[in-house]
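Chain lettering (A, B, C, D and E) follows the sequence in which the chains are written, and residue indices restart at 1 in each chain.
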């Protein structure tokens, strides 16, 4: 209960879409710049200045895409589930939009991880695909993203869609720890974690640096695109409200009311 | 408790009277399994090799298909909102409906399994393991599927959407179910698998009615 | 003494504001009639009162306690009659009502409830043979079969003929006389003695008020 | 002809706008195929042996699931009776809806097949045969399934009933489809199989719209 | 001169006889109003006239030719407006109407049809945003967008407000003036000049007549 009230206090501030839009438009250019900067630096180290692996040769460079993409796949789902929870518990409209905006980005990163993983698997394991726990759970993650998107678009009323899909996002979250720990719980072909571990990274700095840079680039990209998509959704909501007013006449939309009520709370 | 029993009894009564529910699910189960001798060819050793997997997959699909209507009819005729307005937690109602669903679909599947095992020449070592894993696996399927069935209430498309939501969540049950049977056939100990499956069931038992009730409350807010 | 009231309720449906700053209060023995044109939010308000919807702002209280703090407790106080009649086609009228009555702690005699709406002769008829008006009577008999203090009736006269409407008026009067409360939405006139009226049009936000 | 094109165009438009129709069917297709590596075990040689059968069965099931709503939505919102009251034979309308259905489900399945062939390690000799048999087989599935979809209009249970009506009729398509692929893998001539499948399609082409139209007329008599 | 008539029609629904020995005839420029209490068979008769149902006995003819001999030809003569409005939620009002108009040989201008029912301003709005009354107007605009001689209207005024009803009355009058025929069922009064009335209660089989 106290947690609920505390959360309400924190989140109330950005329930106002206009204030959120203002914040978003300041962050967005920075995120875009960071994406490009980190990406260029990361690619330079990854492709030019880092060594090939003594075992894997040049194919090791796939890693600099694969690993950050895989991280992002899990990160986006976590973020989506968290936003969904905030949306459900505190009825926070921007959080709902954030969850909806995250899903397609996460799905793309998941696809990228699967795709680069398969590309890498061919030279390393001699096959595009094996049915091991890590690969399988990532594939399931991909379908959870698809399910989320399908469900959120399956209703005539978008508010219904985002609530139903938020519940799905929370239920599907059980898969994330399975992905993370699948390599420890089952013995599989796939590499166990070597960067994010309890006792520090077990990987040489010349490979670690580009990896980290690429990871930052992907994060910045996520923030950039997500903000863009939320703004798009807010505008779409305004168009819908205009439409509704055109059809039914009269009452102002939810957004205007929210703006009024939260204005008072300041 | 009284509520629970009343609802289970009503749902069983409805299933009996409007007839054919269980019969149709079992018929689909048998048909789906039968497609494989046609699809894969009738060689007994291949069939035997894939028997457990095919039977499990068919059970999954039958369970999923029959779940589509779990809450749908009550939703459409207004019963669901009255159920939500009774002085007992909606979770209990959901649990009761899941129980009735399992009794009318999961149980008949179990009963039809021996026939299919013979049909697919399942090695006899695997028979009891198959029956046993289905017995503890199908309740998990009904439980997990109930979340999906509640989520699609009022949506524009039913069946395909439900499958997309539910099948990914079914996969763990399938994996352990089949590997237990395969283990039994190869003479390995399967206790660990069964324990994991029981664990899945125990985890789903409180979680799924809770999530399902949440989804139903959302659906009734229209 | 039981008191059911709401204060400053704000409600959105699908991004539109249906009503704002709406308050009501009703005591034992009273009746409240909801009025307003199509789409003004009568059904919405009844669902809010039942707890099926949550208000976006404001509170609804029963004896001073917010109903969302103890939804099951609130459910025990009320009966709701919506647009759909929840009559199962394969169960007989008697079975239909018994099922709902047994979910409550205080189930009364079914026959009396059926007779009150003149459908005693239909006891053993399966639901699928009923006409729309007969189904509506079954749904109304349901709320007699297990007493509750608050009745929420959403256009209860739909599909009813004159005789059934007078049965309903009589039952509402009896219910109020024994200390019950009734909140009903209706387009037509129903004879509720000194009922208070809540016109939902008064709570609609107009363009310039925004 | 004008009518035919108008209806196909509208149905494609609807599928586009209410979104995800094709995506969902393909997702189910992939999911259904994926169940088998879990069910049967990931050994590549077993998978390769059953690949063609599994992919065909999954195509059958996806086609069936998506058919459930072929006429349902138009029936519920009153469009179907208006379509039946247009000055052109109802058979043409049915044919148009089947065509649109195939374009939004059958075709995407074909496009997804190469991916699944890789997943299931299908021997490369069978690849073109698989694609080709699916290309002439899936239209037959849509045609046959349309009869079932029309027959279930207005019934209380959709999915399971539809599968019982339709799956038995699908079996011939399945048998010839799979045996053509198996033949191609073993290097046998498969022309005969393909001819038979083409024959099935040619027979279904006039028959199914006619039967479907009949079933719809029945359904509208309520 | 076109003449639409039915003779000695007998109709069962679900093992009950709905009406027997019913005859009607209507000529260019005429209107026929179907009356009767709930369940007397108004909708059923309209569906018989449209050819959606077949009579169990008796014939329905258009210019002396049985309509079941050439159903598609009969369809070209008529427009039917039933209970459901067939408005697709994801298509705009314009797209909805264009689709139906293009299925006919003689599609006219869409805008004029929309304006006739005062929904010109909704042209680009997707169907899912419409209220029940607006959907009904779209459905009525549909039958203006491609002329046909015979209009079969099943309770066309449902969900319409007063203004829309007068639009409808005007369009019916124009249609009749240009030689069209209208058959409508209704519970409420609509102003159709010298329309003939068919009371379906007269053709019900009473217990002893049966």
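Brief remarks on what is shown
Definition applied: contacts are C-beta pairs under 8 Å (C-beta built on N, C-alpha and C of every residue); 3 or more make two chains touch, one makes a residue touch a chain.
Everything quoted here is computed from the prediction, not taken from an experiment.
Common neighbours of chain A and chain D, by the contact definition above: B, E.
Averaging Cα atoms per chain gives one point for each, and the point farthest from that of chain B is the centre of E. The leading chain pair by number of C-beta pairs in contact is B-D. Chain centres here are Cα means. That of chain B falls 25 Å from that of chain D. For the pair chain B and chain C, the distance between mean C-alpha positions equals 37 Å. Centroids built from CA atoms put chain E at 47 Å from chain B. Work out the mean CA point of chain A and of chain B, and you get 32 Å between them. Along chain D, residues 18, 24, 27, 31, 34, 38 each make contact with two or more other chains.
Shared contact sites, meaning residues of chain E that touch two or more other chains, fall at 89, 131. For chain A, the set of residues that touch two or more other chains comprises 136, 143, 146, 150, 154, 156-157, 244, 248. Against chain D, the residues of chain A that register as touching in their complex are 127-132, 136, 139, 143, 146, 149-150, 153-154.
Of all residues in chain C, only 50-54, 72-73, 75-76, 78, 80, 82-91, 95, 99-100, 102-105 touch chain B in the complex they form. Contact residues of chain D toward chain B in the complex are 18, 21, 24-25, 27-28, 31-32, 34-36, 38-41, 46, 49-50, 52-54, 56-57, 60-61, 65-66, 68-69, 73, 156-161, 163-164, 167-168, 171, 174-175, 178-179, 182.
By the touch rule above, chain B contacts chain C in their complex via residues 2-3, 6-7, 10, 13-14, 17-18, 76-79, 81-82, 84-89, 220-221.
Those residues of chain D whose C-beta lies close enough to touch chain A in the complex are 19-20, 23-24, 27, 31, 34, 37-38, 42, 44, 118-119, 121.
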